Each structure stands twice: as C-alpha cells, then as structure tokens.
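First comes the structure, then the notes that go with it.
Chain naming follows the written order as A, B and C, and within any one chain the residues start at number 1.
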Amino acid sequence: MHHVVIERWSRGSSVLHSRDARIKLLVTLGYLIALATTPGLTLARAALYAVPIAAGIQLGRLPAGALLARAAVVLPFSATFALFSVIAGDTARAVSLVVKSYLSAAAVLVLVGTTPLPKLLRGMELLGAPRMLTLVVQFLFRYLFVISEHAQHMRLAALCRGSGGARLRFRAAAGAVAVLFARSFGRAEGIHRAMLARGFSGETPALPMVIDAVDVLFLIVGLAAALALRVIPL
Amino acid sequence: MSERKPVIEVRGLRFRYADGTMALDGVDFRLYAGETVALFGRNGSGKTTFVHHLNGLLRGEGEVTVCGLPVKKENLPTVRRKIGLVFQDSDEQLFMPTVLEDVAFGPLNLGFGAAEAIEVARAALREVGLESLANKAPYHLSAGEKKRVALAGILAMQPEILVLDEPTTFLDPPSQSQLASLLRSLPQAKLIVTHDANFALALATRAVFFEKGKIVAEGSVEEIVERFQWIPRTLREREFTTHQAE
Amino acid sequence: MHIPDGFLSTPVWLGLDVVSLPAVGYVARRARRELEETRIPLLGVMGAFVFAAQMINFPVGAGTSGHLVGSALLAITLGPGAAAVVMTAILGIQAFVFQDGGVLALGANVFNMAFAGVLAGYLPYHFWGPRRLAFIAGGALSVLAGAALAIVELLVSGVPVPRPALLVSSGIFAVTALLEGLITAAVLEGIEKLNPGFIRKPEKTRPRALAVVGLTAVLLAAVGVLFASAYPDGLESLAESIGIADRARTLFATPLMDYEAQFFGSPWMQKAAAGLAGLALIYGVCLMIGRYVRRQRRA
C-alpha cells in the first residue's frame, strides 16, 4: 500500500527530519496561507513559490521525482476546473487553480515526508488539537494495514462467489462489508482489552518534545520566507 | 508445594458471552509461585476466555484471586500490574506507532518517567533479542517478531505472574527454543496456553486440560499428553491414513 | 469530493476552518466524556474500516461499480458525535497522507462530510428509527449534502462551473447518492444479521438541537443546489457583487494599516505584517473558541 512509502521517507534522517514537528507544521501552514491568499498568481510568482518546495526536497533528502509525481494526484480534479475556467475565459484563474493545488500538495508532502505521523500528531496536540482526535487518527493509521488486509481477503471472497448476476454480487459485497465491520468491531474490543491489561486507565503520558535554537531559527526564516513570497513585487 | 499459598486461585468460574455461548462452565484452578503450568485444550474450549478472567478483562460468576486479592473493580490496577498477559493475537497488543513506544506503554502507565520507561523498554527488547527493531512500526514486523515484541511489552512491566496465550504460534524452531530458554530463566510463576506438546514438555511442571469450558484433567505434562494423544506425530499419521483411504 | 487547497476563496476556507475546527474539538471532547474509553480504539479502528471497506466494489451493472462512503453507516452505528470524530480523522489522514483534499480546506471538507454528511445521514434514522427506508435515505442524503455544500463553496469562491457540467455532476451525484443509500442499507442489514440487536433504536436525547443543526445544513445545501442549478450565473454574480473576497481582505488589513505605516516604510512590509497578523488571528480565534467552549462545558 502506498502510504508505506511516505512512512519510509518520514523515518529517514536529515536537517528537516530533526526539526520539531510543531515548527514544521507552522512553517507549512505559513506557506500554504501565503500561497492561498496570493491574488492573481502569475507564473513568475508560481516559480518563486516552487523554490521552498525544491529546498524542502533537498534539505529533507526526499526523492524529488516520486514526491512530485505523488503531488500530481490533485491534478485531475484541478485540471477539470481549470478547463471550466478556460471555457469561461478566465485563463488566469485556470493557472492559479492548478498551480496552487499542486504546490500545496507538494508542500504537505514535504511536511509528512520528513515527519513521522505520530510526531506530527503530537505536534498538533501541543498546538491545541484535542488529544482524543489525535489518538483516533493514530489508531486509524495503525490499523489501516491490518483491516485493509482483512478487506483484501473479503474482496477476494466476494469475487470468488461473484459468478451470479449483479444483484447477487451486490449482496455478496454487502455481506463482505458487514463481516468486515463486525471483525473491526471485535478487533477494537481486543485492542482495548490489551490496553487495559497493560495498565491503561484513560490517559497515557505522552513523550515530551523539545524545541531547540535551530528550530526557532527555522521558524523565523520559514515564516519570513513565506511572507516574502507573498509580497515581493515582481 | 501444596503448603504454599497459590498466586492464582480460581473457584467455580462461569462465563457466558453476550450471544449465549457458555464459554466457561465451572473452572477450578490454582497456580503456585515458581511453577509453570501448561494449559491444553481444543480450539474453542475456552482457554482464551479463561485467561482473560485472570486480570479482570472479562468478569464472570465465581471467584478469582490473584496474590490474595480478589479480582474486582477496586483491585484491578494492582492485579493488572501483577499479571503480565501476552495476547494470542499480537496485532491487538501492539497498538503504538513504534516498537519502542509500544514496549514503553506499560511502564508509562505504571507511572515511570519518560526516560526511565524508555530504558526499561530497551532492556526488555534486549531480553527478547529485538533491540535493533526499536524504531520500526509494529505492523511491518513478521508474525514471529510481533510475538516477541508483545512479550517484551509484558516483561517491561516486571509482573509477578506471566500468562502467555499461545506464545509459540508463528515462531520458527530456533525462536521457539530461544523463547523456551528465556522463559526458563525467568523466576515468575507461569501459565502457558499452548497446543505445542514439545514446548510444554520442555518447560512446564504440570499440565491441565480444558474441555467445553471446564478443566477435565490435571497431571504431569507427560500424562496429559499421553492421555489426550496431544502429540502432532500421531495427528500426522492419522491424517496420512485418512488421505490414503480416500 | 474533497476540495484541494487553492480552490476556495480566503473568506470561505478561513470561515469554515474557524467554524469546523473548534467544533470538532468540542464534539471530540464531548464524545470522550460521554462514551466509555473503549471508544478511542474503536473510533480509530472504525476509521480504518471505512478506508478498507472502500476496497470492496459494489457492482451496479453496465460494468461499473461503486463503493461505500460511510458517513451514514458510521452515524447510525456509532452515533453522530462519534461518527463526526471518525470522519474528521479520515479526512485528516486523506489530506495529510494521501493528498486527497487540502490542509487549509480541511475545515470545509470537515464541515461538508463530517458534520453535514453525518447529520444528514443520521436524521432519517433519528426520526423514523431503524428501517430500510431510513437507511437508504440517510446514505443518499449524506452524499447529497456533502456534495452540494462542496459545490456551493466552490461557486461562492468564484470558481466557474459551466451549466452543463453542473447538470452532469448533479446527475452523477444523484446516482452516487442512491447507490450509497442502497449500500448503507444492505450493509446495515448484514450487520444486523450477524449481530441481532446491534442496531438499536436511536436515543431520543437532545433531539431538538440535533434536528435544528441538521436541518439547517441540509436546507442550506438543498437551497444552494437548487439556486446554483437554476441560476448558475446568478450565483457567480452574487458572489462577485457581494465581493466577499475583496471585502474580507480589506477587513483584515484595515485595522493594521495606520499602525504599520508608522513602523514600516515599504509597502511589502505592511503586507507581510498583515499576513502574519492574519495567521496569528486564525490561530488565536481557534484556540479561544476551543477554550471558551471547554470552560462553558466545565461550568
């Protein structure tokens, strides 16, 4: 499954990987906001906005080709609306839609490619996200693999029995999803028991995170760069 | 041995699942300090259900006492600290994002500081020979590695009693003997649910046999294995003859 | 349909972030208090379930197939609060890990799918109880509400959508919605067969608050769609004439204008400061609403 790729990137090591997750989150948000609020994005400014992405890929020792290709998943959606804009005679908007959505996706990829999800979630938590939500996301990610494997089996099972008409196959698929639901439910119960067995009582103290001087510098430079991109006259 | 106080004592334990399945139907059982007991039984005979009663994950009718403490709501934290339970399904047990964090989960819950918890976790991983996997995600481990990490997660809590639900499934023969010698070196009382007669013969001082939610026989491992023909070789022979008959 | 970044105008994404993110925090905290702690792994695993269930195809004839979206199913099995939390978690993973939906647009996507979608999926069941028609209606409404809101947001943001495209996509949404309804009902019936009694009668607590919020969202969506498909140009010119985007921009900049001028000479420094202030403002508002709500609940 392809989320594994991102995970492998995120467990690498580089200057970007060792930055505090909160700092990286804030800088990424700064970049995204600057980009999103830029009116009438020209190609020249778009090129300027591509610079931090390139820098991020370089600093984070990320595979440029693979990352840029992954960011392209937004393109079908953007291209459709870009086409509408062109039809409506608004080419500037077409360019802006494609460039903004693509660069935003690439920026998020640099963030998650250099920050393991647990750290990212911990960072969000320290920035004020409710722990309940980050825990749910963590469990979701942890069991995505396990449940997907079940689903893969159920899918095959449904396919195997799928020689009948569409109606029958529809029923078979519904049965498979229902079984998957019941198994997931049972699985969750097992997990909860395992947590209790190891002394869980509702709240496990999380490991602390520390911000160092390099982080602070990175934050200042990062946000300043985002603002500069937004406002430098071209 | 019988003069010593049992560390686990179970009397007349009954349990019915919500769907009506009578999973435990009057279990009487004792585990004494320092001994290792093998728990045999057919699939579905109630072994897992039984061990989940020992630390109050499930609560049925009857009495369960751990180190003299009855298993009831107010004693649960203490009981769970005393009993280390390795689950049959490691995927349920390994829920944290990395191996190290998972092993540290128990110690953190016991109130260890972060640094201390990490240290204890590393030591436990060393004990099961998997220190090199500390930063891996649990779902990328092989099934046998998962089992060993799950065991490390329990060892890190330094429990007084070890309960292992089928610890040898997925382990290759070298890992099985490693596990056997690791378990032999640990001083705790142990209850081991297993289908593996050889593993039990190598470790256990006593065996009990489960059937339909009850203990139907008790004795030395050899006796029980003999009586219930609990040796894979005979099974294989039988399978072979039925194959031939077809 | 998950909206990527770069599509919504600033007031739209910003407004929906400011509404949705604290609201999620509120729902999550309440869900945590109301449900037993069992629920945290449960909610995570159910999120994984929705992802995984999407791998199972439902044949609809003519060689095409669809799959479960899940908001109605979650709302009916877990309750609307928990379902909103799970959907938010799913959308978060999709935005960050799969680049499906933007990060700044997360508030909009959460609003459309985790709030409106879940509520629309829940309401029929809430009023009619556990019966097939309610399941079908719930599944269908959840998809319609989410899609309609997304389209309205795009149109209000000034993204041009030609009338034929709007009609075609309305048709596609209608089919998807019906399919989601049928899938939801079939799966729920399957679950009930596996575990009789699992799907209980809806609890009749706080019906009024729920109903009001839900109906508003659904109505908003419905009116939006009707309006949009009847007067596609009307909506655009409406957005334009109100000039939401421009007005908001000046709104954010004005209070800082004089102040800045005394400190920074160059115009780009002014804009920089305004941008930074904007950033701080969003964050501050989110935190403050969160705190306020928490204090309200505690009191």
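Convention: contacts are C-beta pairs under 8 Å (C-beta built on N, C-alpha and C of every residue); 3 or more make two chains touch, one makes a residue touch a chain.
Because the structure is a prediction, the values reported are computed rather than measured.
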Check your understanding: In graph terms, nodes being chains and edges touches, is this line, ring, star, complete or other?
Key -> line
Exercise for review: Per the contact rule at the top, check every chain pair and give me the one with the most C-beta pairs in contact.
Suggested key: A-C
Check your understanding: Of the chains shown, whose Cα mean is nearest the mean of all protein Cα atoms?
Key -> A
**Study point:** Centre-of-Cα separation between chain C and chain A, whole angstrom
**Key:** 18
Review point. What is the distance, in whole Å, between the centres of chain A and chain B, each centre taken as the mean of its C-alpha atoms?
Key: 39
Point to revise | Whole-Å gap between the CA centroids of chain B and chain C | key: 45
Study note, to complete from the structure: Where chain C touches two or more other chains at once, the residues are 41, 195
Point to revise | Multi-partner residues of chain B (at least 2 other chains) | key: 95
Exercise for review: Would you pick out the residues of chain A that each touch at least 2 other chains?
Suggested key: 117, 138-139, 141-143, 146, 187, 191, 195, 200
**Study point:** Footprint of chain C on chain A - complex, ascending
**Key:** 3, 6, 28-30, 32-37, 39, 70-71, 73-74, 77-78, 81, 84-85, 87-88, 90, 93, 96-97, 99-101, 103-105, 108-109, 111-112, 117, 120, 128-130, 132-133, 135-144, 146-148, 150-152, 154-155, 158, 162, 166, 169-171, 173-182, 184-185, 187-189, 191-192, 195, 200, 202, 223-224, 226-228, 230-233
Study note, to complete from the structure: Listed in rising order, the residues of chain A that touch chain B in the complex are 4, 7, 11, 116-118, 138-139, 141-143, 145-146, 187, 190-191, 193-201, 204-205, 207-208
Exercise for review: Report the residues of chain B in contact with chain A in the complex, numbered from low to high.
Suggested key: 52, 55, 57, 77, 80-81, 83, 85, 87, 89, 91-93, 95-98, 101, 105-106, 108-110, 114, 118, 135, 137-140, 153-154, 157
Study note, to complete from the structure: Residue positions on chain C within touch of chain A in the complex are 4-8, 10, 13, 24-25, 28-29, 31-32, 37-38, 40-49, 51-53, 55-61, 68, 73, 77, 85-86, 88-90, 92-93, 95-100, 102-104, 154, 158-162, 165, 182-183, 186-191, 193-195, 249, 268, 271-272, 275-276, 278-279, 282, 286-287, 290
